[in-house]
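Next come two complexes built around chain A: one with chain B, the other with chain C.
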Partner chain A sequence: MNFKRLTKKTEFYIAVIILAFCLLVQVRSGQFFTGNNIVDLLRSMTIPMMFCVGEMMVLISGGVDCSFPAIASLSMYFVCTKMDGMFDNPLPYFLVAMLLGLCMGAVNGFIVAKFKFPAMIVTLGTSSLFLGIMQGILGSSEYPLTSGLYSLGSTKLLTAVNAKSGLTSDLPVHFAFMIILVILAWLLMNKTMLGRAIYAVGGDEVAAARAGFHVFGTRMFIFCLSGALAGFIGVCRSSMLLTVSPNNMIGMEMDVIAACVLGGVSLIGGRGGIVGAVLGTALMTIVSNSLILLGVSTQWSRVFTGLIIIVGTAVSAIQEQQRKKKLFVTISDKAEVKG
Partner chain B sequence: MKKKLLATLMTAVMAATALAGCGGSSGSAGNSTTAAPAAAPADNAGGGSEAAAPAEGGKDYKIAVVVKGNTNGWFIRMNEGIEKWAGETGINAWMTGPTDTDSAQQIQIIQDIINQDIDALCVVPVDPAACEPVLQEAKDKGIVVICHEGSNVENCDYDIEAFNNAGYGAFIMDNLAELMGKKGTYTTMVGFLTTASHNEWADGAVAQQEAQYPDMTLLADLPRVESENNTETAYEKAKEVLKKYPELTGFTGSCSDDTPGIARAINELGLADKVHVVGTGMPNECRELLKNGSLTCITLWDPADAGYAMCELARKCLDGEEIGNGTDLGLPAYDSLQVDESNERLLMGNGFISVTADNVDDYDF
Partner chain C sequence: MNKGKSSIDMRMFTRDANFIRLFIVFIAVFIICTALKGTQFLNLGNFQSMMKQFPEYGLLAVAISLALLIGGIDLSAVYIANLSAIIAGKFLLSMAGADTADGTVHVMIFASFGVAVLVGAAAGGLNGYLISGFGIPAMLATLGTQSLFWGLGVVITGGSSMSGFPKPLASMINKSIGAVPVTVILFIAASLLAGLVVSRMVLGRQMKMYGTNNKATTYAGLNNRKLVVTTHVIAGILASLSGIIMWGRYSSCKADNGSSYTMQAILIAVMGGVSPNGGKGNIQGVVLAVLIIQMVSSVLNMFNNIPTACRQIIWGGLLLVVMIFNYVVNNRSKRH
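Showing the complex of A and B:
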């Protein structure tokens, strides 16, 4: 890919913003490019990044899923409390949580795909329903983590030590899960017919159906996948926290959607990609975890975060406008020929 | 057609869940009503048995306690205090509330209860302002209304708080100063800068440090950090603060999510003996951290005592006893109430406790 084409991509500008921000923090604090700080950031990114992968696929298919924190919380809470101490191996917890998440995702998918209700409203509704089940029927409260998941949560990939200050930071094993997930999602979206179907359905449903893609099946698949992923991520989160904290993930949906849009994923579907979503999440995480290093006071931190989001989104919006302008010119040329 | 069918179906599902919710709460209300007289062991000495005396003089009151959510561990613990009081006095007192912390549901429950011939109503309001009309109605019916965690409620006879906020902050600071050897730099963490109680506690801690511990200093560049009521954010922020300000050796935590998050950060950074944290914490959430030494102590108030105190205060009101500075509710935490200077309905105890590895197993919430 030559440089000129690269500069036309949203991802390029997000990467530039990230780099500029990192250098700014480094200059102000001298602490950014230290082993332990990088490890801290990678750790903080793990969970939002995994959620972002799921949300990106839903957005590209033309939907939106606001219920994944609720699905993650309910599946996680169910397996951690009802299966407490049943297995020493963490695998069954993940499998059952994914199965539960898949069922909840199927509810979303069925309503959205079958009746063509707006995905945002449907998933807001089911989100409230799932949280209600967790808080009301299961009576959620803080709960100790089962030993199998506790030992998984204590497993580290590596420990970074800052030679100067002696501070140490651990990178949990979940980071590896995140990397695997990102690679799988990339393969799915770019190398399979199903990935093509997701883009096609999100771009233009009617055209996709005419081209022979199964629209209902694709939508069902995407919501089921998002649900199953949420179940998996929920268990990851509690094992990283080393405690079962049912309300910990509530409210993450907006940050995750914002990260996707920052990375150039279109809210109306059909456009975007895994690289953008990864960069968007990276930017959001780095900003929210560097304001203290940067010396921004607590009172001003929201203003700062808001500005970064607006600047980042503006970059991708301007890119999109330029693309459309070109598209418009060609169409109107044709129209003139016809007239 | 299909959409119509679905809409009907969804309405039915909603109605079913709403009914299930009601069934759940009234069911558990029923349980606690029956459980209350059964729970008889009056093993508490002193104030408890004194309190029992006037009640046996023929008064048979009915006291309902409506809490924020009756499945929440905090209020399950509160129910223990209410049952203990009911057992000691023989008065019918029971706890109820929405299954989920929901203001609208709570108001509905209060509405139902005041139509049921009760003598006193104790409320831990979800949204104090929204409760005013229904509490007004209760007072109009001659019901004694006692609030807890609702210091600005107008339509109540009294609001009882476990402590005054500045006093609790000072208590946190005293514990922290001891761990820090009364010297060093510290900062304060709160849920949000807009959460009034959290900030009053943090202000109280700072005031106590300024008055009592001259060798300690508040971190000037960053005197207050927000955790957004999230353990993970507290953990991340604490790490960042410790990277940026290596001179820092102490934290106070206001929100119950702050303290365990900060403790995990300190531990992971390898600063366990150098940096200390004291603050609000929930025993279940902090049990592991207390036992493995990451946390030395957490501070809180015991909801069981608050439940007991509300019922006892309601009884005193019903019996027409005088209430003011120094009123004794028969518990060490509420043996000498203090009336707020600017609000004569606001009563405060000194009900804060500190929980360490040794006594954390006494608390299950």
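Showing the complex of A and C:
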């Protein structure tokens, strides 16, 4: 009974696909389940996974945030260049970046919640605005990482060494941040009233308002949170790479949104969860990182990303249609199938 | 019956009000530009270079407007443009070598334009089918195809830019009839056709109805699937025309040419009065918005101390300001 319920979930299918894909790569190359490869995968998963946590919450609340790479880049760049060498402790950098991110998120949240514009168009606009400020006014260029963050960035959780070639792969401390973030997000979404409010607002705004949830406040909160998280992640990214490269997060939004939707987070809002988002990100990262092991040229990686998005979203869209079909077995049945 | 007629009249009025407002902005921007830069703005050379610049993104803006009109969006338009130019370029290179006769080259260039349009139509059709056939939200479907078309472009070109096309290609696209470049004529013709479809034809009315409420159009007996596919095929063809223009103008093609045009095209569409929620808008507004954006962009170019990246601030800020302005004005007219 319990297993039967499990098989109906999107998360289950994604997990099965991940497993199958890993086995395929292992059979083809014999290099998937090696310490180096696993550590490298976990490392490259860290940043997208953190972004995914924020994006998942925005999506569940019925919005979408395309501006988080811009927020992350701008706040990270501002903090790393304007506060260079001011502190030895990494904490102030994170705090200021989060504060900046929060302000930018508040701009998004206010416009979306107040005027009820499509969140995607608003955040595309603010994204252009923030990137313009970074590239035009601050004049973005490569910059050495400040010493306060450098020590944090070079802290390792563990190191995998290849016995034959002696190549090492490090797992940075940021991986632990990511795990903590995922757990916090799970607690927020599943164990608090605020989490309920986010689901309720995303599911049906009017119903949520009638039930006593503060719709404007919830939307505002979710965009502020997403912004603050983006600021935090931006600093994580630069300290992980041990250099300040302002332009290398641009364009991540699409992959992250796709990963969330792949993991069963509804783009219309109200449905989905952290487990799905995590699995979706894992799948996207594993596929794009394993193409080389499969002997596919890296030129094809974008094609594969596109195909994953299309197939993944098509599957969840068809599932949604079938669910609706079950709900409306009466007169509207035929119309629902058509629409 | 009488009541229905008066509500249509009201709509005509509000539509005109939006256009009049845009026209006033157009005049104001023109005056401000002239005041700021004087003869540097107000001369034939500047107007000619402006006319060479706007058709490529203007066509993309019209394409995205159509997608917005049915309540969706097309994030893949720029990459449809590039992919169709790349495939057409591949076709042309294989058909016309250095030793091909002049006449044949001309025929082959036109044939490759045909190939580009076919690719655009097919790509748009794929978008439309994914949206209406599988029920994928337009944003995600076109996000996926954006990645797909981009990727295919990278695979075909090997990641670099493709060049070495026969000379007549560039001279054909860059030709002017009198003072008017061919590309502008193409833009006018294409947007005139799109405008007629949207404002005067049954298809356009159905598109707007679908954009307002697609459940209602289902119950009204419209074929939603066909409608969405048709709209996206038209958008794809418009995008491929833009691809042809970019291809000829630079006489090279690349998988990620003009990637900043997506944002700019959405801005133009919204500024032109196309509702981001779908169901409202017309093409004449979009054309006027294209001209406004081109004037602003040209004047910004004349200030040497403004970095090009600052333009992003202006486009992003303008998009938000225009949206909020339209919201306030529409709310006020609703209250009356």
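Basically, the second predicted complex is superposed on the first by the 309 of 339 C-alpha atoms of A that agree within 3 Å, B and C clash if a C-alpha of one lies under 4 Å from a C-alpha of the other, contacts with A are read in each partner's own complex, and residues count from 1 in each chain.
Note that in this section a contact is a pair of C-beta atoms (placed from the backbone, for glycine too) under 8 Å apart; a residue touches a chain by one contact, two chains touch by 3 or more.
Nothing here was measured: the structure is a model prediction, and the numbers come from that model.
K.L.:
Could you tell me if A:268 is touching chain B, chain C, both of them or neither one (first, second, both, neither)?
P.N.:
second
K.L.:
Examine A:29 and indicate which partner it touches, taking first as chain B and second as chain C; both and neither are also allowed.
P.N.:
Once the two structures are laid over each other on A, A:29 reaches chain B alone.
K.L.:
Mind working out whether A:299 is in touch with chain B, chain C, both or neither, as first, second, both or neither?
P.N.:
both
K.L.:
Between chain B (first) and chain C (second), which, if any, makes contact with A:136: first, second, both or neither?
P.N.:
Once the two structures are laid over each other on A, A:136 reaches both partners.
K.L.:
Using the touch definition from the top, say if A:168 reaches chain B (first), chain C (second), both or neither.
P.N.:
After superposing on A, A:168 lies in contact with chain B but is clear of chain C.
K.L.:
Once the shared chain is lined up, is A:37 touching chain B (first), chain C (second), both, or neither of them?
P.N.:
First partner only.
K.L.:
Check whether A:17 is in contact with chain B, with chain C, with both or with neither, and answer first, second, both or neither.
P.N.:
A:17: touches no partner chain.
K.L.:
Have a look at where A:248 lands relative to chain B and chain C in the superposition and call it first, second, both or neither.
P.N.:
Touch status of A:248: first partner only.
K.L.:
Using the superposition on chain A described above, determine whether A:115 touches chain B (first), chain C (second), both, or neither.
P.N.:
In the superposition, A:115 touches chain B and chain C alike.
K.L.:
Just which bits of chain A does chain B share with chain C as contact spots?
P.N.:
111, 115, 125, 129, 132, 135-137, 139, 299, 301
K.L.:
Can you tell me which positions in chain B touch chain A when the two form their complex?
P.N.:
For this pair, the touching residues of chain B are 2-3, 6, 10, 17, 20-21, 24, 69, 71-73, 99-101, 193, 221-222, 224-226, 230-232, 236-237, 239-244, 246, 260, 264, 268-271, 282, 284-285, 287-288, 365.
K.L.:
Spell out the residues on chain A that touch chain C in their complex, using ranges where they run on.
P.N.:
64, 111, 115, 117-118, 120-122, 124-133, 135-137, 139, 254, 257-258, 261, 267-268, 299-307, 309-310, 313-314, 317-318, 320-321, 335, 338-339
K.L.:
Which residues of chain C touch chain A once you look at their complex with the stated criterion?
P.N.:
Residues 73, 130, 134-137, 139-141, 143-152, 154-155, 158-159, 214-215, 218-219, 224-225, 263, 266-267, 270, 276-277, 306-317, 319-320, 323-324, 327 of chain C touch chain A in their complex.
K.L.:
Using the touch definition up top, name the residues of chain A that touch chain B in the complex.
P.N.:
29, 31, 36-37, 40, 44, 111, 114-115, 125, 129, 132, 135-137, 139-144, 165-170, 241-243, 245, 248, 289-290, 292-293, 295, 297-299, 301
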